[in-house]
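When the chains are written out, they are named A, B, C and D in that same order, and each has its own residue count from 1.
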Amino acid sequence: MSITNLLNNWSFYRQKRPFRGQYDLNKQYSEYKWAMALDLDICTGCNACTTACYAENNLPVVGKERYQHGYAMHWIRIERYWDENMGEFPESGTSFLPMMCQQCEEAPCETVCPVGATNHTNDGLNSQNYHRCIGSRYCSVNCPYKVRYFNFWNYPSTAWPSPLQDQLNPDLTVRTKGVMEKCTFCVQRLNEAKSRARTEYRLVKDGEVVPACVQACPTNAITFGNIVDPKSKVAKMWKNQQVDLYKDEQEKDSSMRGYRILEDLRPFPSVMYMERVRDMEA
Amino acid sequence: MSESGINRRDFLKVLGLGGSSLALTGCGNTDIRSGDEVIMPNVQPEDFVVPGLSVYYASTCRQCGSACGVMGRVREGRVLKMEGNPASRISGGKICGLGQAAVQVQYNPDRLTQPMMKVGSSLQPISWDKAMALLDEKTGPKSGIKGEEFGFLTGAMSGHLNVLTQNYMESLDSRNHYVYEALSPAISLAANRRVYGVDQPRLHFDKAKLIVSFGADFLGTGASPVHFAAEYAKFRKAPRGTLVQIEPKMTMTGGNADRWIAIIPGTEGVFALGIANQLLKHSEFTGTVPADIVDLVSKYDADTVSRITGVRSELVGHVASLLWEKTPSLVISGASVEGHAHGVQNAVAVQLLNQILGNVGKTIDGQAQSPFPQLSPAAGSFSALKAMNEKMGADEFKAVFIHGANPVFTAPSFMGFRDNLRKVPFKVAFVNALDETAEECDLVLPIFTAVEEFGSNVAWYQPEGVEITIQQPLMNQLYPDTRSMGDIMLNLVKARKADEYKAWPDFFSYLKTAIINIKPVVKYTDTDEHFWYDTLSNGVIHVDGAPQQVSAKFAATDLRLPASANAQDPVYPFYLVPSERHYFRDGRHANCGWLQESPDPMTTIVWDSWAEIHPKTAASMGIKEGDWLEIASQNGMLKVKAYVFPGIHPDAISIPLGQGHESLGRYAKGVGVNPFRILNPVFEKDTGELALYGTRVSVRKTGNSEIVVKDEGPVNTQMGRKLVVTLPADVAQLSKEI
Amino acid sequence: MSKSHVMALFSDFDQASAAIRDLKSANLEGFKLDDVTLKSPIEHPEIEELLGKRPVYVRIFTFFGALFVPLLGFLFVASSQATFLLQPKGGKAVIPLPPNFVLTYEFFILGGVYMTALGFFICAKLPMKRNKLYNAHVSADQIGILIKAEDAIMPAIKDLFTKHKPLEIMWGEN
Amino acid sequence: MVNTYEETEVAVEKKFVKKEHDINADIEWAKINKDILRSLERPRAIFWVIFVASFALFMVGVSCEVYQYQTGLGVANLDNPHVWGLYVATFIWWIGMGHSGTLLSALLHIMHADWRKPIYRYSEAMTTFTLLTAAMFVLVHLGRIWQFYYVVAYPNERWTWPNFQSPLVWDATAIGTYLTSSLIFLYIGMIPDLAICRDNAIGFRKKIYLFLSLGWMGTDRQWANFRVTYLTLACFLMPLAVSVHSIVSTDFAASQQPGYHITSFPPYFVAGAIYSGLAVIITLFIVLRYTFRFEEYMTIPILEKLAKLTFAAAMVWTYLNLIEYASTWYGNDMYAKQALIYRATGNFAPFWWMMNFLGSVLPFALAFKKVRTNIPVMLVLSILLNFGMWLERWMIISPTLAHGIYPWTWDHDQWPSFVQWGIVAGSFGWFNMLFMLYCKIFPSISMYEVKEMLYERRSFKTKKVAEEVSNPELAVEGGLAS
């Protein structure tokens, strides 16, 4: 809290984040920026990711009554949309959309948390600190994707009747009533991989660590990795699809499928979706 | 996956220790309570437990019959999560939600933890000693039971447990081993045998440019969904293949189709022949089929087909022209094609297209011949259950064993299975949890779950070569009073053939010996022990073999489809489509919270059953979402909530299977309805299998309604948002993508 | 020379002001206007014409409060943001100005109000002990004039008061 | 023409004072003390009825809160993503009501509108207690109420601070500032009256007042400081009051939720706040007037002035409300437009239309003098207006959360549970209880300022009469003949 600190580093503190070079292999600030690419054309809507997330992240099963009231705690959900101008039948199938926290670079949820329980980590994640959270739920109000889930009930006391609690993943907590939670890109796995890499004086290799949903996905529809590393698959895909993390309007060829959802709200999501393709002549 | 940080030597030691110590306790030789063992505090854990460090053990998923190789993440002696085993060609390192739920089966709060015996009308706990004594008394060598008086009902099984079971039946001189699966592929296999001469040809989804799927939900509930999903992903990559799905109710696969066509159930064969008719007009396809078939097909012109199938007439030509344009293609059929009285004919008609298009040998070929036919799976069938039911009804059985099936739940009510079962004097169930069938039994024995058990499996759909997936325990038994099914079977066999099996104190050693015997076939050169440990840590044994050559042959008699498949029925106007949910199947894992809370992909409904009804039909009957409906067939009535769903034929009503348990545990009991109950006795006439889709129902609105619990919000479109964007395939340049 | 106090109660302000006017014109030796205190149930700003402007220093406090508290507030907010390095927010600087200005504004009001109040208590010498020459009627409807004067001129003051028909005259130690 | 002094006096009164005839300028000052101090002693029986009823209501709220605390916020029937409900709506409403008290008092003080004097004290008290009530809602609303202090910027060994970028922290700061400043303003303005209480009380109460009055003697030096201080405070409080509700509005305006993200929210909220504050001042005016027999001080003309002010505020609010709709409609933002249409046609439509009727149409009744001067009608009307304003807040919070940007999570079926209603009802009990207790312990009409008011009226009259008498021509023009 010293004034000297303030004066010495003023320009650093005044720099808007993310700034060019914040995520850079050569700079000291951060060598990681986790990102995803999700191909909607090969996502089959099978929900394997959802269940994997339940298993990995200690998500409570809330039961029918509570599901009805909107208390479902699925950090990743599969949405199913019909076409707006559908005839008698949905003749071109349906649209599945796996929706999880988009780990926005300019996350609307982060700025509004009164206690700073949700912040931007150095590796570009939108973190959620359960211990700090007081449950004002402002983040959820401000989340355009509505992917934040609040613990309205004390699930630890009801959701895992013995011995189901033995299944719980000890790498992360179960959340008590009154805190907000959301997809973390399986930060417990990322941190483990990062520390392992650090002890070996290297960076995390591409594919060395993936979130549970990516790992489970039977069609490999989700690609995950460090977008800072130009050799990583996810960075190549973003580049190939001409989607720039820092732009709110992409200048890309119309044949390219990459896009980010609700980009016009300028949250700069870290998840790039790839458009569903339909053979219109079929 | 297995970069667990411990060195290889330790890892091997671990596996051995884990296995043998488990087997010892499994046999009851030593016990903590007897004082021969001491309790070790967790601060000084066993060698293979490194606190805070996860270890991955390879095993096999037993949640469905696909036999995916999986890895179990184990920490502090507890299995926490199932992952795919990358060494497995079936799973390819991936896993579905049903497989994930194996840990919920393991830690299920409603697991049966001790043997139960029926006293009066209720089940009371007894000790294993008493239970085994009772078993011996009723079925042992001294009981004098004859082979024909004994029946053994199992689900589909493969590998060495199946071998032991066969040997046991042999030792009893009994032929009454009934392999029953409620949702069996028996009709499909029969059609394949007729056309290709093999049970299951290999399908190359990835090689096809066009897949025309007649009701085959290969992504959700097919022979090997995880494998097919990976193949499908390749199929969708550049050059992107096109998927056409023709079915009465949109399945998950249908939801992914480029063109989805609703059809009256049972008329798929007619549609296929209609397409065949169009195709045969092209000169290049002349001579692909015999002349009598050309004749037979020629009467299926577009208008006739349209009249029978309820599909717009231009679509017949449209699909035909797609097939003509895009080669190679792959035409497959699924449950909704086969589950009719003329199911085999329907399926054969669909396969005819492959023959015309020359797909056989390109996208369809044979599987490799297995060098171990005794390990191959015994496919389940409904006719097995029917045969057993008849014998039970005739009081021919003194004792029956039931393992891996829940016929009281899945048998249609017209069979009277429950009553017939009650006639058997001594019924034994081997279960993880008390299901409807176990509730009826006299002795219920709690066995290990799949993650506590040793075993070997061979899937009936093999992607490449033959993959023997090894099942090893991912943790020690959770409850002291449960036992290994393998050990029980071995002991049962030993009771009759002690000499032949004396070399093996337990199933573990039996399996080990058996697996080591495979060594020469896979040309492994190291020691037996190394082979065993390598196998355990790989989780799979790949036996390479060239695919069998298959060729198709068709007889016109197999293509004579009934003209009245779409006959009007004034009392029961609707076709019942009992749809198979991809995570529920026949309902045996309904007691997992994860599965109950995993939304159905198409309707997003959770924790319930529902009746899908087309908006047009719903409007004409004044039905809105959530209205309670009475769906009645000649054999019963179900009360179920309506869900207005555009992806269904207006004349069809679809109710998902797997729910409606009266037992099984807190998550399943009383949830939804069981459509198995109201099925009519319609049988596939060639195989005698139950025609699952052959039931007609009436629908009545009760006037009550209730909220449908689902993930979907009040609207089901994107309301003008750019959430899922669709790109026309001719604009997309997938080949430029990475 | 000892000083003592005298207080006279009048029924209304006009009488009281007349009495003060007389006192002023009487030119008593050693009598200072500073020693005259008017006690009234309501505020009478007019009295300043007679007694001279009483100096009020409250606004000096206000000034300093409104100047320095926001400054300190801004520094407090900014430096705490700079030290809580775990909480960068996407799309924002660590020390973003618009929110800090909002807070600075609130600190400006806070400083102004608090320092004004403090200044009031200090300048009005509150809390204070009530002097003995206090009459409860002062808070109801009467006006009191309290004069501190040397004993020598005390009788003269009393005489002067008596001329204006006071309701009561009290004297003694304060 | 020669007139007697008395005749002139009457004429002057007719000519100059008529408009200001809201209070009888000839009340004895001693009687004022007596009348108002009597409110601390023996109110009408209705006081106890209100007090006991309020306490009972408060206990309902307390039991609901205990239940919610034990079980989790789920019992309130809030859900994802409909995470805010009546708590936030009622919070804004209470905050809003708190505005008129201090704002009005400060504004009218600066503008020398002396009719404020009989009513400002209870209005300021109302501000204090509404803020306390509102603060209670902030706590009740939290998922982990036991850790509410994380919002407070306090130094700790972990170097954690609240997130100063969050509008909620601005809120906390603004409300904290407003609450303490209002309390200071109220207290300093009350010191001369506390001295009166001290001079008249006996027993233990005297000790309390003795302590609270800080030895105030009403000396000219004290008064001089008092005047400057009070005016300075008023100058600070006016912008503060405006800033507080603007900041509360940024909770919404600064978010991305359609229906919240509206530029005109700060003035809109302030207007709504003043509006509902005025309405509650009228309500309390009538209640206090009856309960404590303040008919002579809280007169009908003052009520009329309040009513006119309310009407003006209502019109400002209506204008801003329509601006909000218009800018949403023409703004062509799909999300906001759909949310607006949903508000007007969806599940909440009856409440939304009722809100518009109560807020914009009903106030036109205030255009009629018969309405303005009829006490029972004004009581009902003021309560209805306030209900309309409460609906406004609810209609901002709930329908938009039910119908936000993301269609998959639209949630139309949420309805507050008895716990939410119970706590909302309990807040009324809590406020009434505190307010009634305050009026019983402290003078709810400022005695010294009423005296000042009378004094000014009388000196004004005296001056005018003197002018008239010395200037007969004016007297003729003044219409003595009429």
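Heads up, the rule we're going with is that a residue touches a chain if its C-beta (ideal position, glycine included) is under 8 Å from a C-beta of that chain, and two chains touch if they have at least 3 such contacts.
Predicted model, so just to flag it, every value in this text is computed and none were measured.
Chemist: Can you check which chain pair, A-B or A-D, has more C-beta pairs in contact?
Modeler: Greater number of contacting C-beta pairs: A-B.
Chemist: Which chain is the middle one, judged by CA centres?
Modeler: Chain closest to the assembly's C-alpha mean: A.
Chemist: Go ahead and note the Å separation of the Cα centroids belonging to chain A and chain B.
Modeler: Chain A and chain B have C-alpha centres separated by 33 Å.
Chemist: Mind checking the centre-to-centre distance between chain A and chain D? Centres are C-alpha means, answer in whole Å.
Modeler: 45
Chemist: Between chain C and chain D, tell me the centre distance in angstrom, where each centre is the average of that chain's C-alpha atoms.
Modeler: 29
Chemist: Can you compute the centre-to-centre distance for chain B and chain D, using the mean CA position of each chain? Integer Å is fine.
Modeler: 69
Chemist: Name the residues of chain B that each touch 2 or more other chains.
Modeler: In chain B, residues 707, 711-712, 717-721, 723 touch at least two other chains, as defined above.
Chemist: List, in ascending order, every residue of chain C touching at least 2 other chains.
Modeler: Touching at least two other chains: 76, 80-81, 83-84, 86-87, 89, 92.
Chemist: At least two other chains touched by the same residue of chain D: list those residues.
Modeler: If we look for residues of chain D contacting two or more partner chains, we find 160-161, 163, 165, 169, 405-406, 408-409, 411.
Chemist: Spell out the part of chain A that touches chain D in their complex, as residue ranges.
Modeler: 66, 69-72, 77, 79, 81, 97, 99, 108, 111-116, 132-138, 140-146, 148-154, 177-180, 262, 265
Chemist: For the complex, which residues does chain A have touching chain B?
Modeler: Of all residues in chain A, those touching chain B are 40-42, 44-48, 50-52, 54-56, 61-64, 67-68, 72, 74, 77-84, 86, 88-97, 159, 161-170, 212, 215-221, 233, 236-237, 240-241, 253-257, 259, 261-262, 273, 275-282.
Chemist: Contact residues on chain C for chain A in the complex?
Modeler: It comes out as residues 75-76, 78-84, 86-95.
Chemist: In their shared complex, at which residues does chain B touch chain A?
Modeler: By the definition above, chain B touches chain A via 52, 75-76, 78-84, 93-97, 100-101, 103-104, 106-109, 219-220, 225-226, 229-230, 232-233, 236-237, 240, 242-245, 250, 252-262, 322, 478, 582-583, 593-599, 601-602, 604, 606-608, 616, 646-647, 650, 666-667, 671, 707, 709, 711-712, 716-734, 736-738.
Chemist: If we count contacts the way the header does, which residues on chain D are in touch with chain B in the complex?
Modeler: Contacts found on chain D: 334, 338, 405-413.
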